[in-house]
Amino acid sequence: MTSTYFNGMEAVPFDPDSDGLAFRHYNPSEIVMGKTMAEHLRFAVCYWHNFVWEGNDPFGGQTFERPWFPADTMDLARAKADAAFEMFRILGVPFYCFHDHDVRPEGDSLTESRDRLNEIADYFEQKMENGPKLLWGTANMFSNRRYMAGASTNPDPDVFAYCASTVRTCMDVTHRLGGENYVLWGGREGYETLLNTDLSRELEQMGRFLSMVVDYKHKIGFTGEILIEPKPQEPTKHQYDYDVATVYGFLKRFGLENEVKVNIEQGHAILAGHSFEHEIAMATAFGILGSIDMNRNDYQSGWDTDQFPNNVPEVALAYYEILKGGGLGKGGTNFDAKLRRQSLDAEDLIASHVGAMDVCARGLKAAAAMLEDGGLEAARDARYAGWATADAQAMLADGATLDGIADRAETAELDPQPVSGQQEKLENWVNRFV
Amino acid sequence: MTSTYFNGMEAVPFDPDSDGLAFRHYNPSEIVMGKTMAEHLRFAVCYWHNFVWEGNDPFGGQTFERPWFPADTMDLARAKADAAFEMFRILGVPFYCFHDHDVRPEGDSLTESRDRLNEIADYFEQKMENGPKLLWGTANMFSNRRYMAGASTNPDPDVFAYCASTVRTCMDVTHRLGGENYVLWGGREGYETLLNTDLSRELEQMGRFLSMVVDYKHKIGFTGEILIEPKPQEPTKHQYDYDVATVYGFLKRFGLENEVKVNIEQGHAILAGHSFEHEIAMATAFGILGSIDMNRNDYQSGWDTDQFPNNVPEVALAYYEILKGGGLGKGGTNFDAKLRRQSLDAEDLIASHVGAMDVCARGLKAAAAMLEDGGLEAARDARYAGWATADAQAMLADGATLDGIADRAETAELDPQPVSGQQEKLENWVNRFV
Amino acid sequence: MTSTYFNGMEAVPFDPDSDGLAFRHYNPSEIVMGKTMAEHLRFAVCYWHNFVWEGNDPFGGQTFERPWFPADTMDLARAKADAAFEMFRILGVPFYCFHDHDVRPEGDSLTESRDRLNEIADYFEQKMENGPKLLWGTANMFSNRRYMAGASTNPDPDVFAYCASTVRTCMDVTHRLGGENYVLWGGREGYETLLNTDLSRELEQMGRFLSMVVDYKHKIGFTGEILIEPKPQEPTKHQYDYDVATVYGFLKRFGLENEVKVNIEQGHAILAGHSFEHEIAMATAFGILGSIDMNRNDYQSGWDTDQFPNNVPEVALAYYEILKGGGLGKGGTNFDAKLRRQSLDAEDLIASHVGAMDVCARGLKAAAAMLEDGGLEAARDARYAGWATADAQAMLADGATLDGIADRAETAELDPQPVSGQQEKLENWVNRFV
Amino acid sequence: MTSTYFNGMEAVPFDPDSDGLAFRHYNPSEIVMGKTMAEHLRFAVCYWHNFVWEGNDPFGGQTFERPWFPADTMDLARAKADAAFEMFRILGVPFYCFHDHDVRPEGDSLTESRDRLNEIADYFEQKMENGPKLLWGTANMFSNRRYMAGASTNPDPDVFAYCASTVRTCMDVTHRLGGENYVLWGGREGYETLLNTDLSRELEQMGRFLSMVVDYKHKIGFTGEILIEPKPQEPTKHQYDYDVATVYGFLKRFGLENEVKVNIEQGHAILAGHSFEHEIAMATAFGILGSIDMNRNDYQSGWDTDQFPNNVPEVALAYYEILKGGGLGKGGTNFDAKLRRQSLDAEDLIASHVGAMDVCARGLKAAAAMLEDGGLEAARDARYAGWATADAQAMLADGATLDGIADRAETAELDPQPVSGQQEKLENWVNRFV
C-alpha cells in the first residue's frame, strides 16, 4: 500500500537554486574523491524516532498525531511501514534501520513476538524490492519492563535466555533482509547503583553473550558487521559500553576485537565528554570503526537530545576522520535524530532530513577538499618528521631499552626545544574549507 | 636539620575528646577487620601540593609565603625537605610521595638534574631512618616547556629520549629509597587539538615507552608496582589515560595488564564522569587496582580542584569497594589534595591533613562495619541467586550457543517478571553505618 | 475508603533501636532549638511521583503496577486518593502537595476539568479531617500538548487564557483546602530555540500573568505564599526561572519581590550549577525564601534525577542556611523525589520516605547543634570584624564617595595583608557535627 | 619606539584570493546594512593574553619567550607597549583594551602603582596619535594576593578602600585616553566556601562600591559606559556576577539598571550553561547590552579556555542578536582570546587574530543577510500573530484580571490546538546563510 500521510509528495530534487524544498548540496551522483556522494555517505533513516516516538518527554505526553498510532495491531504496523517506505522514497535514502520493537507490536508471548517480526519482515521484503536496503537491524532490549535491570547483564538468567531468543530472531530477520550490519546498543547494560550490582559478574555475562552472538553470525553465514554502540549513561546511571576506548578494552578482554566494531553516535560521544571526531579517530586507531549515528547533542543539555546535525564545520571534521580512516565500509550515516516535539507536521519529518543530508553533504565535500589540498596532513607530517630518522625509529623497535636510550640522552646532554603547535593556523586553514 | 616552620609542634595525638587539634577517629593501632587502621589506610602525604605549590591559580599569583621559597638552590631544597619531614612527623603518616621536580631544582643540563636528584635522595635517606617510607616516586614530565606537547608521546623523539633518562633516574631513586610503587601520570600525554595530532602514532609511542619501563623495573629488581594514574583532561583537552576502563584497554593492547596497575584519584574519576567507587570497582573487576589518590573534586567545577576529602558517606563507599577488592596491597591512601589558596598558615597544612585522615578513618570503619554486618552482600547475592542453577551456569559455559538458549527460551515461553531493585532500601541501609 | 494497597501497615514508629522499618532519627515531638522537629521540618509527600508516575523513562515504559492505574476515571482517582492518604498516615507526615493533573483525570473540556478538580477536592476535604494538611497546590501546565510551547508564555493567547482559568481553579481549591502556599513551576516557560522565540515578549507575558495571580490571591483572601520554583532547563532548553538570582531579577522587574517567594529544589539547584545551600542562602539574602523541594540530583547525570536525599552532610548544610534564615515559615520540606523505576513494591514507597525523613532529621539536628555551638558564626564574625569600625562603616554609608575613600587610601598608603580563610578548618569543624 | 618583535611585518591586507596571511572576509570599509564592517564590529585586541600571559597553565610554567618578559621595569613595560602597538598596526584594529596590571609593573606602594600607570598612560597617549583607540580600561583586582578574598567584597575594609583608589586611577586614565567604556570583572567577587562567607554583606559591599563608581563617572564627566562582565565561576567557586540575568537583578536591587550595562563573553556564557546568543538576547531584553568579549570556550572543558572563535555558524547567531538589538553602540568586539600555550611564535599572535576577525566578518555578513532576507523574523512574527488581536492585547493591559480572563476562557470552552514550532526548518533556513 502507498501511504497518503505525505500527500503523494514528489521525491525531493537536487536543486541548489530552489526556493522550496530541495537538496542544495546533496547530489547523490556527484563524484567526490572517486566515489559518488551516495556511496560515501550511505544515508539511512531510522524507524524509531520518525515512526514510533509520539513526542513524549519526561514532563509531557504525546504531541504527534500520526494515523498509525498507537500501532498496536499488525494492520497499523503495516500502515506505519507504508508511511515509512513512502518517506524513504521521498528522501531518496539508500538505507534504513529498525529495532524489532519499532516495526511490530509485541506479542503476548515470546514466540508470538517472534512470529510477528517475521510476518512484518515479509511485508518489508516486498517494500524493499525497489526501495532502500537495510543498513542494520537491532533488538530493543530496554523498553519493556522485563529489561529494567538489564538484558544480557540481568540478575535474572531467564532474561538472558529471553534475549538470546530475541537477538536470534532479529539477526535472522536482518540476515534475510540483506542487512549490512547488526547493532547492539546496551541501553540498560549498566547499573543504577553499585549497591545492588555485581559489576564483574555482569561484565562476564555481557562478554559471554556477545561471543555467542558472534558465533551465531558465523553459523548463519551473516556477512555483515556486528556493531556495538557506545553510550556513557542514560537511561542508566552508568552504561558498560561507555565510549569507544571502553568498548575496545571490553572486546580485547573477550578476544572479540577482530569480530566486532563500533557504531559511533555524535550525541553519545558528547555525553561521554568527547568530540565526535575523537571517537571516530579512536575507532580508526583501534581498527574498529563500523558505522555512525549522525545527530547532534546540545552541549549544554545533559541528556540525549538527538537533534538533527546542523553545524557544518563540526560535521566536516567528522567526515575528515572517516575519509582518513578509509571511509564507512559497510557502515553508513544513520540519522539517529528526532524532531523537536513541537515539530508536529509531516513536512517537518521531510524537511529535517533534507537539511541534515545537506549538512552532511557539505561536510563531506569540505572534508574531501581538505584532504585533496593536503595542507593539514603536510603540517602533521612535518610536526612528527623527527621520528623518521633511524635513531628515532630504533627507540620504538624491539630491543630498545630504557637504559640504552637514557644513556644516549645523557651522553648527548639532550635539551629538546619546543616548536609551535600552530593550532590557530590550522584552525584557520580548516575555515577556508567549511 | 629540623625545620622551625611548624614551631616544634608536637605530634598530633589521637584524642576523641579533644577540643583542639587531635585525631578524633584515626587511631593508627586500632584493629579493624583484623588489621590496624594504619595498615589498612597506609596514609601518604604528597610533596607537591604542600611544599611546592605557591598558591597560584590561573587568575592570580603566589599567596603562600614559605621560608624555602623559591627553592631554586639545593640549600633551599634541603630546607624544604626539613619542613616536609617535620610535617610527616607531626602527622605520624607512614608514607610520602614526590616527583623529581618537587624535591630539587632542575639543573642546567639533563645530567645535572639527574645528579641533583641523587644528591637530594642521599639527604632523604638520612631523614627516612626514623621516618616515613616512600609510597611512590614519579617524574614530573609536564611542567617544563620541553614537555608542552607531551612526554613519551611528543612529536620530537629527543623528548622521548629525555624522558627515558628522567624516568630511569626517578625509578632508580625510588628503588634506592625503598619505594613501594612507581607512578606515571601522563599529564600531557594527550592532545590539544586533533588537527595537529597523530593519535595512532602517539599511542604506539606511549605503549612502547611503558613496555620499556616495565622491562627496566625487572632489570633493576624493583619489586614495587608500576602504576598509571588515569585522568580524562586538564591540562590537555584529552588525555590518553582517560579513565580506568581506557587504561585497561591500553594495557591489554600492549600486553601489560599483568604488569601495570592503576592509581585512582577521586577528582580524576569525577572529571571523567564517574564516581570514585565506580573506578575502584572497575579496577577490581579488571584486577588492576593499585593505589588511590584521595581528595575530592567539586562536582560543579570543571577543573581539578584537588580538595581534601570531607564527605564521610562518599569516602565510606570507596573504602567499601577497596575492602571488598582485598585492600590496597602495596598501594596506599595518598592525599593528592591542596589547601585552598586562602589558607595561608602552617597550621592549615596540618589541620587539613588531620581532618582528611579522620574522614578516611570514619569511612574505613563504616565500610568495615558494613562488610561485617553483611547486609549489603546478602542483598546482592539474593538478587543474582537465579544464576546459581545449573541451567543458568550452563548458559555461561563453553559450548553454550545462542541458538540452543533461544530454543530453550522459546520452548518454555519464558516470560521473566522483574523484581524490585530496592535501591532506596539499600541506601537507607548504608546510612545506618555512616 | 481505606486503601488496601499497603496491606494495613501500621504507622511507622520512632524507634532508634529497631531492626525493621522505623524512624531512627525523626522523632516528630523532639525539641530542637525550641521547636519540635515536626514544626521545623514540615514534611510533605508529593502526589505526582508516588501516585501518578508509572516508572517510564525516555527509553522505557511503565514498570510500576498500581491498582489505581491508569487512573482515567473518577473512581480510580478516588482509589488513588485512598492509597495516598493511607500512605500519609503510615508516614505520619503533616503535609502533602499536588497538581490538578495528579488528582483527577482531565475532562473533555476546560470546565469539565475544572469541575472534576472541585469534585475530587470535596473528597480530599473529607480525607483531610484527621489527616495531613495541604502544603501547596499547583497546576500542571506542561504535560498536555496544548502547553508544548509554554503556558503563560505561549505564542497562542488562547493558551494564556486557558492558563488563567486553570490557575484560578487550582488557587480556589488550594484556598478551600487550607493550603499554605501556591506554587508555580514554569516547566515550559522557556524556549527550545531562540530562532522561533521572542524572548522579550514572553517575559512580558509571564510577568503580566504573575501579577494577575498575585492580585487574585488578594482578591480571594488567600493568605498563603505565592512561590515560584526555579529550574534552569529540562524539559525546555532554557527555562526563564533559571535560578534564585534570575527569579529575583524577574520579580524586581515586575515589582513583585515582596509578593512572591521561591520554592527551591535541590536537584534544580544542581542543574543550575549551584549547591542547594547556595540557593537557600541567596534566597535568604533577597528575602524570598519560601519552601524547599527536598531531593537529590546525581551530580553526574545532566537530567532531573529526583532521587531521595541520602547524604547527611549535604542536607545538614541546607538546614543550617534555613535555620540561619529564620526557618521555613509557611514553607515545608516537600519530597519531590521518586523511586528508581526498578523499585517496584509498595514498601519501597514507604521505605524511601522513611529513609529520607531520617536523613533530614539528622541534617536538622546537626545544623542546630552547629548553630548552638556557634563556632562557625564566631569564625565568620571574626573574619569580617574589620568592618565594625566607624571608618569602615562610613565607606558604606550615604555620602561616601570613591574619591574620598581613594584619597584616604593613598594618604595612608594602605597595604592590606591577607589572612587565612581557614576553609579546611571550618570543614573539619562541620565534620564534628555530621 | 617601534618594536622589532614582528620583524617589520606589513599590515595584513584584505585579499580573498591570497595564499598567505591575509583577510579573506574582513574588509573594514565594506558596507553591510548601511555601515562599514569596521563600524559594526569595532574590533579590539586585548593586552593581557597577548603581551602579559607567559603560557603558564595549572600544570606547567612559562612557554612563551618574549623580549619584554618579565616586564618588571618601566623600560620593559614600554618595550611591551611598543610590541603591542606594532601588533595593533599590523592587524589594523581600531581598538584595544587593558588592565592597569597589564601595562605597568606594580609599584612598591599604592601611590607608586598609581604613578606608574599615569606614566605609562603618557606613553600610550603618544602611541595612540595615529593608532587605535581605547575600547575600555579596567583594573586587575584579582591577581595580587591582597585580593585573594575579593576586592570590594573583601572581609578587610582596607581592601575595599584600596580598590577605590585603584578604580579611580584606572577610570581617570581611561577617561584621559578617551576610552569608550570602563569594565568591571569581579574575578574574586564571590566565594570559595559559604562556610566563611557572609553573602548578604558582601553583596551590599559590592552594590555600594558600584554606586560610587557610577557617581564618580558622572563627577569626572566620563561619558563612556560602565560595564560589568558576568562570569559564573573560576577563579572562585561562585562569582556574584553569575550571568546576565543575575547581573540584571543586582543592578535592579541597587537602582543601577540605567547606569550600568554588561560586557558579555562567549566563554563565560558557556560556563554558565548558556549560549552566547542567549546572553546577548537577555541583555537586549533588559536594555543592558554593552559590549562583547569574543572568544570560544571548549564546551567540554570546565574551565575558561579563552580560545579564538572559529565556528562561523555560532558567531553568526551572536551577531544576529546584536544586529537585532541595534548593534554594539559604544561597545565593540574584543578578542578575550589567547593562543594555545604551544603556539610559541610571533606570527601565531597575528594569525590567530586574522583568523578570528575573518570568522567575525563572515558571521556579521551572514547575520546581516539573514536580517535583510527577513525570513526568520517573518516566521517569528507569524508564530505570535495571535497576540495582535484586541482581545489578546487586553489580557496584557492594565485592568485585566485572572478572574475576567478565566471567565471568558470557560465561557468559550477554549481548547487551543498546538501548531508546529518548525525548529528544523528554521535551522535549515539559517544554514542557507552560514
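Letters A, B, C and D mark the chains in the order given here, with residues in each chain numbered from 1 onward.
Basically, a contact is a pair of C-beta atoms (placed from the backbone, for glycine too) under 8 Å apart; a residue touches a chain by one contact, two chains touch by 3 or more.
Please read all numbers here as calculations on a predicted model, not as lab measurements.
**Student:** Where does the A-C interface recur among B-C, B-D or A-D, taking recurrence as more than half of the contact pairs being identical by residue number?
**Tutor:** When the residue numbers line up for over half the pairs, the pair is B-D.
**Student:** Check A-B against B-D and say which one is joined by more contacting C-beta pairs.
**Tutor:** More C-beta contacts join the chains of A-B.
**Student:** For chain B and chain D, what's the span in angstrom between their mean Cα positions?
**Tutor:** From the centre of chain B to the centre of chain D is 40 Å.
**Student:** Measuring centre to centre with CA averages, how many angstrom lie between chain A and chain B?
**Tutor:** Here chain A and chain B have centroids separated by 35 Å.
**Student:** Among all residues of chain D, which ones touch two or more of the remaining chains?
**Tutor:** 63, 145, 148-149, 192-193, 233, 273-275, 300, 340, 342, 418-419, 421-423, 427, 430
**Student:** Where on chain B does chain D make contact in their complex?
**Tutor:** 55-63, 142-145, 147-149, 187-188, 192-193, 233-235, 237, 271, 298, 300-304, 340-342
**Student:** Show which residues of chain D lie in contact with chain A when the two form their complex.
**Tutor:** Where chain D meets chain A, its residues are 24, 63, 270, 273-275, 299-300, 308, 310-314, 339-340, 342-345, 348, 351-352, 354-355, 358-359, 418-425, 427-428, 430-432, 434.
**Student:** Quick one: which bits of chain D touch chain C in the complex? Just the residue numbers, please.
**Tutor:** Interface residues on chain D, with respect to chain C: 109-111, 114, 145-146, 148-149, 154-162, 164-165, 167-169, 192-201, 203-205, 208, 212-213, 215-216, 219, 232-233, 238, 242-243, 245-246, 248-250, 252-253, 272-275, 277-278, 281-282, 284-286, 317, 321, 376, 379-380, 383-384, 386-387, 389, 391-392, 395-396, 400-403, 405-406, 408-410, 413-419, 421-423, 426-427, 430.
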